[in-house]
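Read from first to last, the chains carry the letters A, B, C and D; within each, the first residue is number 1.
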Amino acid sequence: MSIHEECGIFGIYDPAGDCARNVYYGLYALQHRGQEQCGIAAVNNLELSCYKDSGLVGDVFSEPILEKLGGTMAIGHVRYATTGESRRENAQPLTLNYVKGSLAVAHNGNLVNTMALRREYEYKGAIFHTTTDSEVIAYIIAQERLRCNSVEQAVLHAMEHLRGAFSLVVMSSRKLIAARDPWGFRPLCMGRRGDAIVFASESCALDSVDAVFERDIEPGEVVWVCDGKVHSIQGPQADKSSLCIFEHIYFARPDSVIDGQSVHSARMLLGAILAKEHPIDADVVVGVPDSGLIAAEGYAKASGIPFADGFIKNRYVGRTFITPDQHSRELAVQLKLNPLRATISGKRVILIDDSVVRGTTAGQIIRLLRNAGATEVHMLSSAPKFVGPCYFGTDIPSKNELFACNHSTEEMRELIGADSLGFLSIDALEAIAPNSKCSFCTGCFSEYYPIPVGGEIE
Amino acid sequence: MSIHEECGIFGIYDPAGDCARNVYYGLYALQHRGQEQCGIAAVNNLELSCYKDSGLVGDVFSEPILEKLGGTMAIGHVRYATTGESRRENAQPLTLNYVKGSLAVAHNGNLVNTMALRREYEYKGAIFHTTTDSEVIAYIIAQERLRCNSVEQAVLHAMEHLRGAFSLVVMSSRKLIAARDPWGFRPLCMGRRGDAIVFASESCALDSVDAVFERDIEPGEVVWVCDGKVHSIQGPQADKSSLCIFEHIYFARPDSVIDGQSVHSARMLLGAILAKEHPIDADVVVGVPDSGLIAAEGYAKASGIPFADGFIKNRYVGRTFITPDQHSRELAVQLKLNPLRATISGKRVILIDDSVVRGTTAGQIIRLLRNAGATEVHMLSSAPKFVGPCYFGTDIPSKNELFACNHSTEEMRELIGADSLGFLSIDALEAIAPNSKCSFCTGCFSEYYPIPVGGEIE
Amino acid sequence: MSIHEECGIFGIYDPAGDCARNVYYGLYALQHRGQEQCGIAAVNNLELSCYKDSGLVGDVFSEPILEKLGGTMAIGHVRYATTGESRRENAQPLTLNYVKGSLAVAHNGNLVNTMALRREYEYKGAIFHTTTDSEVIAYIIAQERLRCNSVEQAVLHAMEHLRGAFSLVVMSSRKLIAARDPWGFRPLCMGRRGDAIVFASESCALDSVDAVFERDIEPGEVVWVCDGKVHSIQGPQADKSSLCIFEHIYFARPDSVIDGQSVHSARMLLGAILAKEHPIDADVVVGVPDSGLIAAEGYAKASGIPFADGFIKNRYVGRTFITPDQHSRELAVQLKLNPLRATISGKRVILIDDSVVRGTTAGQIIRLLRNAGATEVHMLSSAPKFVGPCYFGTDIPSKNELFACNHSTEEMRELIGADSLGFLSIDALEAIAPNSKCSFCTGCFSEYYPIPVGGEIE
Amino acid sequence: MSIHEECGIFGIYDPAGDCARNVYYGLYALQHRGQEQCGIAAVNNLELSCYKDSGLVGDVFSEPILEKLGGTMAIGHVRYATTGESRRENAQPLTLNYVKGSLAVAHNGNLVNTMALRREYEYKGAIFHTTTDSEVIAYIIAQERLRCNSVEQAVLHAMEHLRGAFSLVVMSSRKLIAARDPWGFRPLCMGRRGDAIVFASESCALDSVDAVFERDIEPGEVVWVCDGKVHSIQGPQADKSSLCIFEHIYFARPDSVIDGQSVHSARMLLGAILAKEHPIDADVVVGVPDSGLIAAEGYAKASGIPFADGFIKNRYVGRTFITPDQHSRELAVQLKLNPLRATISGKRVILIDDSVVRGTTAGQIIRLLRNAGATEVHMLSSAPKFVGPCYFGTDIPSKNELFACNHSTEEMRELIGADSLGFLSIDALEAIAPNSKCSFCTGCFSEYYPIPVGGEIE
């Protein structure tokens, strides 16, 4: 899967101290949301310090750095840099010094009115150090703070200016604040461990510090911790939430629960719906590791066709490696995913992946299965067809690279060499909404976006 | 699992050249057999060159190194260093210069008469640069070469001196040789890709270079390639082979086929036998990722109790990471394996791992499952109880660390906090032998070893 | 010598492009002014980009980075971080985006009213990302730019707010600007190479890019380059300049010419004056490498006593090295500076260093000379006694660490074990002023500072 | 200077332990003799261990490694690899295990009969791991040990086979041995520090561990330390010694004393002779840093013409650095050596370097001096003309690259653009011999070699 999430955020208040270490474990659990840069800001005795760099959490931080950061409050950030070149200056948390003291801000999401906001504030004298929307958010919070009585109010007022996706953790020298945009594009939840209060992009990060999940932050809500007490204001909120559906399909860890829905269960359910929408007469169901496995289990259970391990994934995938060039392209895939002859040979195979984006990998995997003796290969995608860009923080290829934008289903089937090809319907996605207030942003599949997107993409 | 294999070997003859790159892909596929050191030796125009270092295959080798190595023949080695400190000098392939030219040797296994051989040859004037049994093997081959007409004969004669486990690939300036000890302790197989001949510890490495599996090297057999032709001599062979049973239980990759038996099928079968030997009334079967998953699937299929994903493994496990100390020990495990509440909560769980060695991890995982809401946890090991050392190349903890050496099954059950605890029987292991000539070394479970082990352990 | 300069700056306009590479060579020549961080900002087609990091110039920049930076204008900075911990965020050039476009700023020096300025601007809504005075300077320039017609006017207006030491190179998308504070604390000069205009902290950096020295930037002057033409405004200027005397004594490279005075000649002259102030009957004059060598030559020439190589410096000093602890402390010094028995033994030695700060090194070196056979050791410092702090960008130890603050000359002599000890007089320093308008800041020797220093030290 | 020494060796016996750390300081002092690889072998309780790698001493060794090595005896080696590619396997000390125990060997020099010896021993069954002459030496010592009663006798017997240059330190589990070839091509000396006995390539390394120089090892002598006592046998010795003259001219550190002659004094003396052989009417004498400085001082003193600092060397030379290509070649030199206008401008300059090998650098430096205002530049070399190869461990360019092999002095003068050019005479070299038994190998200047060199060069 070549689609990337851009960020994960985490924050903790714990009077017992050592908060930076807790953030470290939280970020480790959220590492799948961003692998290029990471950072931790911590407060000790009202003093804020910060450390951030390019690299994985385990490479950037060392024992002495964590000890030095300490912290009775701390926030952290992991980031996938969309620009190819990752400017270290853009790493988060952002830290600011202004007349009211210091602020640290960590942001997951993407605004659709960044350029307009930058222009507006620059005319008022704003000076920016980076080109990120996150700095614009931090700047507006700081400016609003000059006009109101508290940081939490400043965050609330700032939210009125911001249009788009933002889940935030913000920290002043006394307060830890979590906020989520009115549409709830990106997840954000809250947990407790004794006196400690924890905020995280996903609930799996709460588990990583032994905190118990309490609830999700509501779209439009600002929650803050001050002197150990938790407060909340409900700001503007859309009628229906618009959680990015790709969180459930691919981004989030299966052990997370988002807005009341288990990600693992959601994927099982999508597989089951796929079985109803695309019943196929076959011998085994196999999933593309790792992302297609759960939907494949769901399909197998619903259809009664046995699930089987179709591929063995090389454990060392993801590390430094020289890719073959003189070999066939299939071999490059096979080095990572070797088909399991014992379960494939002589079988009619249903192959399930979480999506078909460009079609190249799908074609190679199907050829590998045929070489391993599969007599038929039926490809199913547990996501609908990708047809549109994302304006809210997901890095989707441009239209001319999207397989489904340029080919009919039958053309795609032929190009990838499958015996049949099917996609989940867009309507099916609503099935995983846990209640009537929860809905999803399906813009990349439907080109219908919860808010007007103008045309400004950065 | 805290038990380590010591080595993987690979060799290729290809008149088209670029053999070092092929070895690179082969070693990448065999990386699970040894992560501490690796090396490649190649022959170009009768000249032998070698590059080796500490580190993973992807870190040690770079494009320019592979290009420089080139090769119309090449052999390679990955190694797990048993001594804690990994002396770089011990990396393989070993290379030698002597009156007959050059030799490169790569060895998987462990001799039981190393000390006696060293003493014997040192008295005759031998000078050794390392303390490894592999150098003794290389030395004896070179010495025998002085007395006979060919390298393959030298390997055959050398085998008469060696007692213990050895799968070898040997390379002179003209020949590529593969040999396996008379008991067949360690696997070794052969494949072809057009004119190229390939030898590898496991068949998954043949796949990685697009070679087709041809056959296993027989115990006691010497196979050699000269000018593109394959020859073979059958040397001394035990009545029954004694493949290390732990290759099937844990070491080998599930996509490998060893001595005619698919490793994936073997694990499924062990799970099925476990279901017969230990029928349990429960709601779900879960495996400990990754090593217990296949046996758990086998148990589920045989018992009719549904298989479920019990844990989500952090994708970044295995990289640099600061382990928690102030946290509970369970948390340390949970950071790597987070239980999946959605499938566990309220369920009676059968938990399957490939072995229970020290008991500590088992206890922590069981506690995680209970915290996640499991009402019962029944622990099953798809291997029998570990009670003895290994003399043939596996790094097993000493007796006083082995759980089963110091406790009854009931004591173990209580210590790990399981509702029940069961182990596979030793007799069940024979079920995975593909034919009557194939048998296994089960010494670590039975303390019965195919050859007398004297007492010399290095 | 344990006294550090904080910065070196460099800027170039060259329509032929490749300016970043020129800055690279300039910074390499200025590396002695700061070894902890460095950076280069460049303008291509009105677009500004920047790369900076911790490390030496040769380690931070690579060929691809320089190529990518390119530039028809570029500025650069090397930095010694005073805070022990070097926060990467503080690396320069600073880059800003505001309504008028982009700005890059590189600063050498230290303000005495930073705190007051920060407070003043924060009350007006300023948001700072770092705690450096350099960011305050950049901020004020950007703010002034909003009220006046050009960047050069903005720099001129900003200078009215700033009190203390600052030599600046500033770059907008169209202009390259150099400015120096009204007192001329830190050096700044200008050169040409064909159509290219170059600014640098020291003239040795002009040589490094083959530019010909043209003139020094005057105290209080703002010089700017626009479309290849050089313009200048003379802003406020003190009656007499106050160049940091330590530039001549220690900081600057001997091949630089500052405000009309060759640094090498200045050091020779100080040695000659020392010979007049402290005539001694001895056999040889030796200097402590490298900083005391030129003054020792000057003393030798003036006194007629032969100069001799007293020590051989290990060429690898300055690289990674484990310092001895169980050895005597002298040995630690001796590993770096081994006395040359052939020239020392049996001689009465005059030992000249550029200063005596804490006295520890002096004592060790004197013991080394005695061990090597010196019959007498007379220690002379080519600087006066250190007695006060520096507020203008030099990192001087606190008073309780300064040898001369806590001991009489006789006490010092006894503690370091010299036969006699002498310091240059403060009055002698004026001898190296090239003309009546040039004077020096001698605050660290005299505690008389050219401007009131309030008490604010950061 | 583009001529390289190949090795430095060091050994110490100290019952107080921590010998590896002492070797570390010794190698640090000998780092100029080899920068590519280094290693230390140590004996603790009769057990030998070794650590070696590519890199500088300070980069290869760390505190934990030194602590682990410990040692009541230890030897070390620094190495310049002549082969361009530095094979890590060739790093020294070499360590061997054989029937008599263990041996470690460190070698400086080069044999002229390596190939013949390898062939001879390979026919007897020898197996070599490397292609170095040092392994041949170690092998022969070990073989001889099987036929005689002690390691020191084995070294003595081995010396009968070896023809060429070798200074050795050898260590068994009980003895530390130093030996020097019968011609004394390479230096080797001995010192004491209390009960400790130290051997080193140069006396400056004795100073680095606070040992007092005792004497040089004689050509043909074997010295050994056993149980704290020093013994010696005088083996075969040439009538006159043949120390490599380039040790005095360039290789050795000026603070070393070799075979009774101070290197610093020798260089001063060569400068003085140069003044007699080439009297010139000029204003200043300058040396090319660092290698020409001492001879320049010697010339100045003898001629009465004042010595002056002609160049300032960039302190960061020798570290990573991108060399200019689009700049003129002179600029590349100027970045390293900037001429000092203040002492050069308007002067007639005598420029002294330790040699003129290829002529390219000389030409560039002369142009730099002229650009800096020199009215005349007279170039003198404190070595004679290079005309022949070295067979004894020095890496001299091939004849077609040697300036003096292809041009007359007048042609050379014109090509480098000097007003005059002179070389020291070969006869003058004898002047630095301290006594009648000491002489020099001047083969690279005279093509007369102390022993027949056959034609075998490796």
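General observations
Following the convention adopted for this analysis, contacts are C-beta pairs under 8 Å (C-beta built on N, C-alpha and C of every residue); 3 or more make two chains touch, one makes a residue touch a chain.
Computed from a prediction, not measured in an experiment: that's the story for all the values here.
The chain with its CA mean position farthest from that of subunit A is D.
Centre-to-centre, using mean CA coordinates, subunit B is 49 Å away from subunit D.
Here the CA centre of subunit C is 37 Å from the CA centre of subunit D. Subunit C has its Cα centroid 61 Å from the Cα centroid of subunit B. Residues of subunit C found to touch two or more other chains are absent. In terms of inter-chain touching, the protein chains here make up one closed cycle, each touching precisely two others. Applying the touch criterion to all chain pairs gives A-B, A-C, B-D, C-D. Subunit D contributes residues 18, 21, 24-25, 28-29, 31-32, 56-59, 61-63, 66, 204, 207-210, 253-255, 257, 262, 264-265, 290, 294, 297, 301, 306-307, 309, 311-312, 314-316, 318-322, 324, 326-328, 331, 334-335, 338-343 to its touches with subunit C in the complex.
Subunit D meets subunit B in the complex at residues 50, 53, 88-89, 94-99, 119, 122-123, 125-131, 139, 142-143, 146.
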